[in-house]
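This is the structure I have questions about; it appears just below.
Letters A, B, C and D name the chains as they come in the text, with residue numbers starting at 1 for each one.
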Amino acid sequence: MVPLSYYLVLSGILFACGVTGFLIKRNIITIFMSIELMLNGVNLSFVAFAAHWHALAGQVFVFFVMVVAAAEAAVGLAIIIAVYRNRETLNVDRVNLLKL
Amino acid sequence: MTQNPYLWLIPALPLAGAAINGFLGRRSSKNAVTTIALVFPGLAFALALWIAAQFSSSAAPYGFNLAHWIRAGSFTADFAFYLDQLSLVMLLVVTGVGFLIHVYSVGYMWDDPGYYRFFSYLNLFMFFMLTLVLANNYLLMFIGWEGVGLASYLLIGFWFTKDSAASAGKKAFIVNRIGDFGFLIGLFLIIQHFHSLNFTEVFDKIRPIAPETTGAGLLTTIGILLMVGACGKSAQIPLYVWLPDAMEGPTPVSALIHAATMVTAGVYMVARSHVIFERAPIALTVVAIIGTLTAFFAATIGIAQTDIKRVLAYSTVSQLGYMFMACGVGAFSAGIFHLMTHAFFKGLLFLAAGSVIHAVGGEQDMRKMGGLATYIPWTALTMGIATLAIAGIWPFAGFWSKDEILWKAYQTNWVYWLIGLVTAFITSFYMFRLFFMTFLGDYRGIQVDKHGQSHAAHGHDAHGHGEPHESPMVMLVPLMILAVLSLVGGLVGINDGFDHFLAPVFSSGAAAEGAGETASHGLEMLFMVVSVLVAVFGAGLAWVLYVSRPYLPQKIADSLGGFYEAVLNKYYVDELYAKLFVKPLVDGSTRILWQGVDRKVIDDSINDAADGARHVSDEVRHMQSGNLRSYAGWIAAGAAVVVAYMIWLGVGR
Amino acid sequence: MSVIKSAVVLGVLLGAVAYTVWLERKVVGHIQNRWGPTRVGPFGLLQPIAVGLKLFVKEDLTPPYVYKPLYIAAPLIAIIFALTSISMVPFGNDVVVGGYTIPFQITDVNTGLLIILGITSIGVYGVALAGWSSNNKYSLLGGLRASAQMVSYEISLGLSVVGVLIMAGSFSLRTIVDSQAGLFWGFIPRWNIFTGQFVGFFCYLIAAYAETNRIPFDLPEAETELVAGYHTEYSSMKFAMFFMAEYANMITVGCLATLLFFGGWRGPIFGPGILQAIEPVFWFVAKVVVFLFIYIWVRGTLPRFRYDQLMAFGWKVLLPLSLANLIATAIAVAW
Amino acid sequence: MLSVHLVLFLVFGAVALAGAVNLLAQTHPINSALSLIAVMAALAGEYLLLGAEFVAAVQVIVYAGAIMVLFVFVIMLLNAGVEERTKGSRVAILFGIPGMLLGSLLVAWVLLRYSGTGEVAAGALPGAPKTIGPLLFHEFLLPFEITSILILIAIMGAVVLASKPPSSPVPPREGGF
């Protein structure tokens, strides 16, 4: 038996790592991967809760998260390719036209 | 209430005509426009005659509910029509006189470039007027009321390129708004207290209420407010100022709208609301006083006017004052009777005046006419009949109705009668003055064809011929028909026939009526003789002053000095209004509303808000660095705050 | 127990890989009117050993400018996942030896097929990373082609299998095989390929060819265009690993095809008890060998696709076809 | 007492954590991608521990096998290099790392301290395909269909975004603003 909170702590730390990666990484692709990391962290808590409450809905939710992640990856990577085509860089600090 | 499913067709037919001419008239030939313009009101008139033929007092009132309109809770107002004896009279007057004036207009407006537009407006007016007359509730009546206002505005400003016409239209519109304001508030009061605007329902609720003899109450308030509306529409003191200016419109318009029909809407409305007024003696008294004063006041102005149409305009105001006086003394049927005869002879007067103007090439100043009887005998004949009618000479139409009013007025208060009699004298004087100045004596107009150009601005009848000439038959035939009506129209009032016809409507009748019957017939005969004598005397005076001794008027005017000036300038009422109302309004709007409220409050607050927003944005925009990660950082910080708050909530628990 | 089984299976597999290479060379040789290997041993049977030795003792050349950690990791990833997937594959019925029930399978999990699919999908990384880490444009192109191709065809592969799954109602390979027991009219086996999964089978086969980068879909290593594609920069044992991974994958695909569509180890059972214990394994191996032969046959016969043709075929023909098969199967089963 | 479950949990957790940290530490995106794959694999192990075998398989097939391949593909396609260092990145690291540590510790402390005594057993809720399927296709049918529409839209969006711009650009309008 493992306390539920252990899973949640692991999930939380993974999520925090994702957030941190989002903040400190410069490469758009890595930033994107950080988002996936966050989603994974969330998925873990879904599955853990599902086991804890004996509710399969938690696992079903993981599927939906995965679907969304897949859709997001498709569109996001396409955007990254488009950005690269225009700006010749993957560094977010150089993709900064969105300012005064 | 008997159903009559054809009722709605009467207003709908002119509307169809207006729509067809309005939308298609520009591309249609003049003959097509004429056909459309005449057929639809003609059909409406025929239908009205047919309905009148089938009309039986026992089956009245007729009604027809065309469509639901407003249904809010228990309050309903529908597109529903209502026909009783009162509406029937109005219906026949409006469609009949209206149709004749349409026919006349064909000749009068033939050369106008806005021919189709004119008839579209005219038909539109017919539609609204018939809606007003046939409405079964105040709201639909109000629609007609506003609609005729609109048509009037459009037609007064028909030659909108002329500055005076455009401003006259605006003046009519604005002055009418003041009256409508009172009317509307009256309607709101009715809704508030009687929860309906339907005539039948409202009157059924009011009938049990005892007359407010002791002081002003709800019904008095409603009555006075309704009267304010009627004053606006029917050009009574103090809102009469628009009507003389409205003469800027084409003459048939003056005849139809500003003499025969629209201006009588106020009288009709007061008569329709007789149930309210009968229970509000104070309001009734106010109506009577205003009517009497207007009658007298306008008549005096009429003496000094030289513009043929303006004389008629003031005479119209004066005659409307008579009708109000009749209503004010509780003789509603007498008022309606005068309304009807007035429609005949005043319509005729205007049309004949139009014919005169047509004949002399657009000239309206009577001083430049004279001796026209030889040039345009038919016009002179018909106009003479009309003048006799309005002056109240036996047995012309005006005599019967005016005499009825004076008789009823006397029964209420002899002061009304006295002023009415004096007014009748003045009326007779200035009407014959008009007739003599125009048709007798020598022609004083310019004989050469110069006027063709000098009056081109009038936009009509600009063919260049020097001789005054008779109008075409299409104009003369309506004149003749109206002349006949002016001659015999009063006969329906013999032996109180008209009174009895309308009796079912005014059955709850004024208390004064009963008393009148007991008064001796001899007295009534005496009064008749007196009023005829007065009229003849006025005519004689006019003959003396303008035919046999034409130098006298100038002398009299000189001797009167300032008073004559005042009369000539319509007692400076327009100037007074400009000083009293217009200027303060304009100044107030400029200083307080524009520079005070609009600039200092609204503009400044908006500018300050915008400035504030910009200042704040100037500071905040540094957050928008264009750096994606700084945005992400803000999101994360925000999420962290939310999470921290939730944790704090959870831990705190 | 598992360890022993693993070792045995691994040994057999590696041997099979070696002799698949031999088989290929022989068959292709004969197709091309040659003899193939003949010198080393009878019929060249010792050739694989010689080749292995040669690769083993060759100099392990690591070019400069490669990204070393991944350059080394890539072939490992390829071979490890290729060999792992076999662990889910059952070869035959359980046999009872001296009271012990020995399943002919390393592990039996409920979701065996899923896990095999997962493992093969991970296998892409070996090829892709090898291409990228070599720092060579041919390799990179090969890696790119491989990853795109494998991701695309994996969808068709998965969908073509779902028909079988619906019919069997399980992810367990053993259950799937059991569901194919019996005969039609006494002589046609109730294999899935005969019970309606004909289209599914061909979709599977084509997708599998693409997954294993075999001709006619061997674009990632198309020697005429890309030198040797993703393993251009590899030599000696590292190259051998890719080589072995490819053939191991072929064997796995063959095993899966046998299990899913051809009744697995099912076949006529006769003879004495010991023979009866061996016969299922024999049938199984025989069917797999047939598949390997088809692989080689196709290689010797068909030309290579163009890359755009490959992608267009995958997305526009194969995917709709396998989807249609899936829907048809679902309707048939539900009805 | 250390149960097998706990030991396995800790092992997988450690792998996941190491992968996550490595994702942050690596400067080359392909290393980060591989770290992420490691995290996903470890999480698949965690799912298996919890009995969610189907989720675990899908995690491997979809996440590791498809989505991450796409990432690697794009990295290869764009030939992404080592990250550049900029002033902003240093500031971000300066605040980001301590922030993450602080946040993680806070979350961990709160969760451990306040989340009650809930425990989960190994394989507590077997999420076999057979049990998840009905749930997915009956109870969650509408969300399921909506996600399929989402996927469809995403496909179209990706195609439009990544397709090459037309070779001949639209000529500018004449007499425009």
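Everything below uses one rule, namely that a residue touches a chain if its C-beta (ideal position, glycine included) is under 8 Å from a C-beta of that chain, and two chains touch if they have at least 3 such contacts.
In this text, all values refer to a predicted model and were calculated from it rather than measured experimentally.
Taken together, chain A and chain B share the touching chains D.
In this structure, the chain pairs B-D and C-D differ in their number of contacting C-beta pairs, and the larger number is found at C-D.
Measuring from the averaged C-alpha position of chain A to that of chain C gives a distance of 34 Å.
Averaged C-alpha coordinates put the centre of chain B at 82 Å from the centre of chain D.
If each chain is reduced to the centroid of its CA atoms, chain B and chain C end up 101 Å from each other.
Averaged Cα coordinates give chain C a centre that lies 29 Å from the centre of chain D. Looking at chain D, residues 54, 58, 66, 70, 75, 77, 88, 92, 95, 99, 103, 107 sit in touch with two or more other chains. Looking at chain A, one finds that residues 19, 23-24, 26, 93 touch two or more other chains. The set of chain B residues touching two or more other chains comprises 627, 629, 633, 636. Chain pairs that touch one another: A-B, A-D, B-D, C-D. Considering their complex, residues 19, 22-24, 26, 31, 92-93, 95-100 of chain A touch chain B.
Those residues of chain B lying in contact with chain D across their complex are 627, 629-630, 633, 636, 640, 643-644, 647, 650-651.
Note for the complex: chain D touches chain A at residues 3, 5-6, 9, 13, 16-17, 20-21, 23-24, 29, 32-33, 36, 39-40, 43, 46-47, 50-52, 54-55, 58-59, 62-63, 66-68, 70-71, 74-75, 77-78, 80, 83-86, 88-89, 92-93, 95-97, 99-100, 103-104, 107-108, 111-112, 115-122, 124-125, 127, 131-132, 135-136, 139-140, 143-144, 147, 150-151, 153-155, 157-162. The touching residues of chain A, counted against chain D in their complex, run 1-10, 12-14, 16-21, 23-27, 29-30, 32-34, 36-37, 40, 43-44, 47-48, 50-52, 54-57, 59-60, 62-64, 66-75, 77-82, 84, 90-91, 93.
Residue ranges of chain D in contact with chain C, taken from their complex: 30, 34, 37, 53-54, 57-58, 60-61, 64-66, 69-70, 72-73, 75-77, 79, 128-130.
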